[in-house]
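Heads up, there are several structures right after this.
You will see chain A twice below: alongside chain B first, and alongside chain C after that.
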Partner chain A sequence: MIEFLIYLLTIIGIWGLLSLSLNVQFGLAGLINLGHIVFFMVGGYASAILVMFHGWPMPLAWIAAMAISALVGVIMTIPTATLRQDYWAISSLAFAEIIRFVLKNTPIQGDYIGASFGIPDIPQPLGDMLSTHGFYLFFLVLTLVLLALTYAVVEWITRSPYGRVLKAIREDDHVALALGKNVRSVRMRAMAIGGAIGGLAGAMFAHYNAFIQPNYFLPLETFLIWAMLLLGGKGNHLGAIVGTVVIELLYNSTRFLKDFIDIDQGVLSSARMVVIGILIILVVLYMPNGLVPEKRRRYARE
Partner chain B sequence: MPESEFLNVTSVRKTFGGITALDDVSLTVEPGRVHGLIGPNGSGKTTLFNVITGFLRPDRGQVRFRGQTLTGLRPEKVAQRGVVRTFQSSLNPQQMTVMENMLLGPQGQVGEGLVNTVLRYRRMREQERANEKRAWEILSLVKLDHQADTYVGELSGGQKKLLSLGQMLMADPQLILLDEPVAGVNPKLIEDILTVIDRLRSDGYNFLLVEHNMRVVRRICDHVHVLDAGTVLADGPPHETLQRQEVLEAYLATQAGATDEEESS
Partner chain C sequence: MDQVLINTLIRGGELSLLAIGVTMVYGTLRFPNFAHVEFATAGAYITLFFSAVFGLDLVLAGVIAIVLVALIGVASDVLVFRHLRLAHPVMPMIASFGLGIAIRETVRGSAGTSPFFLSQTLAERWHVFGATITDTQVLILLLALLAVIGFHLLLTRTQLGIAMRAVSDNADLSLASGIFSERIIRLVWLIGAAMAALGGILIGLETQLQPNMGIGLIIAMFAAALLGGIGNPYGAVLGAFVVAFAENVLLATNWAWLGTLVGMDVDYLMIPTGYKEAISFVVLILVLLVRPRGILGDPAR
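Entry: the complex of A and B
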């Protein structure tokens, strides 16, 4: 039980990073990124490849994974100059799928590493120094520290004048442009920040799970992140975390449910997506601001 | 500065497919005055605003401001040179408060660069404090100081117009383009808006405004330019210009009765 709890908290931490990063892009800047999982995927692959095949030390590889994912975010902003928001959303979904298919069809080493086989035996940080139990405990602490740090960073961004400009382009560009804001650069930076955080989450997941393969990064995963954000409260970072906790609890509950209800495991795992889907519909209809709505910043006259 | 060096629009042409929205439009805006841009619906007023402020690129012709070319600059660059505008309908972010909207206005905020929020933290704090102080002053001028923490989505149409104007003032502009500053605003608030514009004119701000309400145009403008079907039909002081036969005909031909209606509203 305690092992499962540690696992669950670690997964919540890693996915919490993903919802925070989507919150910067969508919750603040209004970018409807339907390919968010691409950062997770690219970060995971980048770190695994750098560590395993290029001998990079893990911390450096994680930083590189963040930089590469940030770059992916910047590349994704290029069509925003010419595409309307809704069309861009579709292009982001396609972009993530294209990258996934490229990885799925690219052998990395030999015949059995890369492509659809994925990357096995990814080294775990301090994996050979700690016991199995010790490693999972260590990784949980590491995850929570990085999550707290990221939380502080995104909160800082939100309160800064830059965060204000992000919110200004969330609904419409025109006023920001008329006030001299370089909207394209503002957007690009939001995608880079979100990309970097998502890349960190991906690198962490790869080295935690010790195995990644392209089918881990289906569009469904992006929609799960969206579910977390919409349920928790877009624009509020605490909300993003709350949403992550609720969705992960729901998602993992089937593990226990099968002990109580005599139902096929496959049916159950499909049923949980149905439950999450219904939940999202209800939230959008009756609680459009989520469980923890965005805070209103109040100003006092001096 | 010589008058001819403020805002000059020279031979601007803009077509959309087969439709000629602006056909060889030239006009000059002089400093220290309120210029009105009038004309029937579809005569090209907003298109001209868009061309001046960089939201549209003209097919031909030139826009110069204080001796520098604005044509071809992106909208944010035009704004950075001191030419700002409001929009016909409020496009302000609804889910931001009045104060947050105001604080978007100031130019050169170091805190808009991410690294600078850390490296130049103190400068950022100083700027924020100064900007907040100025925002409170302008908010009292536009009578929104009691609404500073209200979401823009909760304001009335007239209040949104006042906010747009106040927000543009935060940018410390040299020329303000107002697109229908009193359209759809209740009469009491119209008076407030006009008082603000009067006051700003005497403070040395320069305006070019599009407006359909002729009573307002007569009251506030020193000079009007009449557009019809993409060309400048007439220009001069409002009282004299609005009496001209060709101006009356242009209005009657395209929107019979509309001017009277709007005047009485």
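Entry: the complex of A and C
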């Protein structure tokens, strides 16, 4: 039970980073990124490849993973100038899938590493020095520390003048443009920041799970992150974390429910997803601001 | 090459049936409905249910499935999307993904993940100009063609169709001209879901049924709809055939001449078949970069 709890908290920490990074892009900048999982995927692959096949030390590889994912975010902003918001949203989904297909079809070393086989035996940080139990405990602490740091950084960004420009663009980019703000560059930086955080989460997941494969990064994952953010409350970082906790609890509920309810595992796992699907609809319909709504500053009394 | 053409026609026909519905809903309500592909999955599985469990004739089972899915389409609007008309466009988009998950997982939970086949009989094969076509494929082509022609007649020859096009073009203006938009919107859902169900049944007839058959089509469908310009059903059909053509022709083409151009010494250079699903995505992004409103859409601002 304690192992499961440690696992659950670590997963919540990693996915918490993902919802924070989506919150920077959507909650603050208003960018509807439906390919958010691409940062997670690229970060994981980049770090695993650098450590395993180029002999990079792990901390350096994680930083490189963040930089590469940030670059991916910058590339994704290129069509925002010409494309309508919703067209860009669908293209971002397509973009993430293209990257996934490239990874799915590219062998990395030999015939059985890379492509659809994924990357096995990714080294775990301090993995050979600690016992299995010790490693999971260590990784949990590492995850929570990095989550807290990231939280502090995004909170600081939100309160900074840059954060206010982001929110202004989210509300109406024409106004921000008229005030002389470089909308494109501000958006690009939001995508880069979100990309870097997502890349960090991906690198952490790759080295935690010790195995990654392209099918871990399906569009469904992106929508689960969206569900976390909308359920918790978009634009509010605390909300992003709360939403992550709720969705991850639901998502992993089958693991302990199977001891109490005697039905087929497949049916139970589908039922869990149906519940999440309906929950998403209910949140959108009845709680559009989420569990922890964003505090909006009022400039005038009504 | 003839085989490539036949495959393109069949894939294009199936995609058209899906893309028409999604583009009409998109044009009318201004959001991409991610649950639309699940109407196809639901249609195929309901057909399977009535034909395998109740032993009904495949045609009768198919008709029942289309009617039921059409009702599911209307119900999803009445229960969910009607309440989101004024919300930020991302809200119905996310809700539609939730609905899609709910439908897909209901199918998976009740039917399991193992694939099913709709027709058990071995298809009869005909050889035309060196290519092979099965009787199922001919049926698929005919039904897809009939559905598209029927929809065209509806749009151009009936009062209802003209109203549908008006609402899809500009909902506020058509309301001001005395068109009762809400009723038209519900009809758009009804027809769109029914066509998607037919598409799903045809795909099931040609290949097999599995819970992910819909979600696997999502980008190809949106590529078709966006290529043709949102809200334009003819564009959607055109887009569907562009996507189908790209998927089949690019894979069947020998690119060795391109290799010689860059100095490679090869006789044979093909795109690996693993990339088939990625082609529609690449086509989508390339076209949007050049024509951000689609091939038949308004020129870029």
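Here is the rule we use: the second predicted complex is superposed on the first by the 296 of 302 C-alpha atoms of A that agree within 3 Å, B and C clash if a C-alpha of one lies under 4 Å from a C-alpha of the other, contacts with A are read in each partner's own complex, and residues count from 1 in each chain.
Operating definition for what follows: a residue touches a chain if its C-beta (ideal position, glycine included) is under 8 Å from a C-beta of that chain, and two chains touch if they have at least 3 such contacts.
Everything numeric here is computed off the predicted structure, so don't read it as measured data.
Peer 1: Overlay done on chain A, so just call it for chain B and chain C: clash or fit.
Peer 2: Partners fit side by side after overlay.
Peer 1: Go through the superposed model and pick first if A:294 touches only chain B, second if only chain C, both, or neither.
Peer 2: first
Peer 1: Just to be sure I read the superposition right, which of the two partners does A:54 touch: chain B = first, chain C = second, or both, or neither?
Peer 2: After superposition on chain A, A:54 lies in contact with neither partner.
Peer 1: A:168 in the overlay: touching chain B, chain C, both, or neither? Say first, second, both or neither.
Peer 2: In the superposed model, A:168 contacts chain B only, not chain C.
Peer 1: Please indicate which partner A:94 is in contact with in the superposed arrangement: first for chain B, second for chain C, both, or neither.
Peer 2: second
Peer 1: Any idea whether chain B or chain C touches more of chain A?
Peer 2: It is C that touches the greater number of chain A residues.
Peer 1: Taking C-alpha centres, what angle do chain B and chain C open up at chain A, rounded to the nearest 10 degrees?
Peer 2: It works out to roughly 80 degrees.
Peer 1: According to the stated criteria, A:157 is in contact with first (chain B), second (chain C), both, or neither; which is it?
Peer 2: A:157 contacts chain B only, not chain C.
Peer 1: For the overlay built on chain A, what is the smallest gap between any CA atom of chain B and any CA atom of chain C, in Å?
Peer 2: 9
Peer 1: Hey, what residues of chain A end up touching chain B and chain C alike?
Peer 2: none
Peer 1: Note which residues of chain C are touching chain A in the complex, please.
Peer 2: Chain C reaches chain A through residues 30-32, 80, 83-84, 87, 89-95, 97-106, 108-110, 112-113, 215, 218-219, 222-223, 226, 272, 274-275, 277-278, 281-282, 284-285, 288-289, 292-293, 300.
Peer 1: Within their complex, state which residues of chain A touch chain B.
Peer 2: Of all residues in chain A, those touching chain B are 156-157, 160-162, 164-165, 167-168, 170-172, 174-183, 186, 189, 193, 235, 294, 296-299, 301-302.
Peer 1: Within their complex, state which residues of chain B touch chain A.
Peer 2: Spelled out, the residues of chain B in touch with chain A are 53, 55, 74-77, 79-80, 84-87, 91-97, 99-101, 103-105, 107, 109-114, 117, 124, 128, 132-133, 136, 145, 148-149, 151, 164, 167-168, 171.
Peer 1: Within the complex, which stretch of chain A touches chain C?
Peer 2: 26, 32, 79, 82-87, 89-91, 93-95, 97-98, 101-102, 104-105, 219-220, 223, 226-227, 230, 266-267, 270-271, 273-274, 276-281, 284-285, 288
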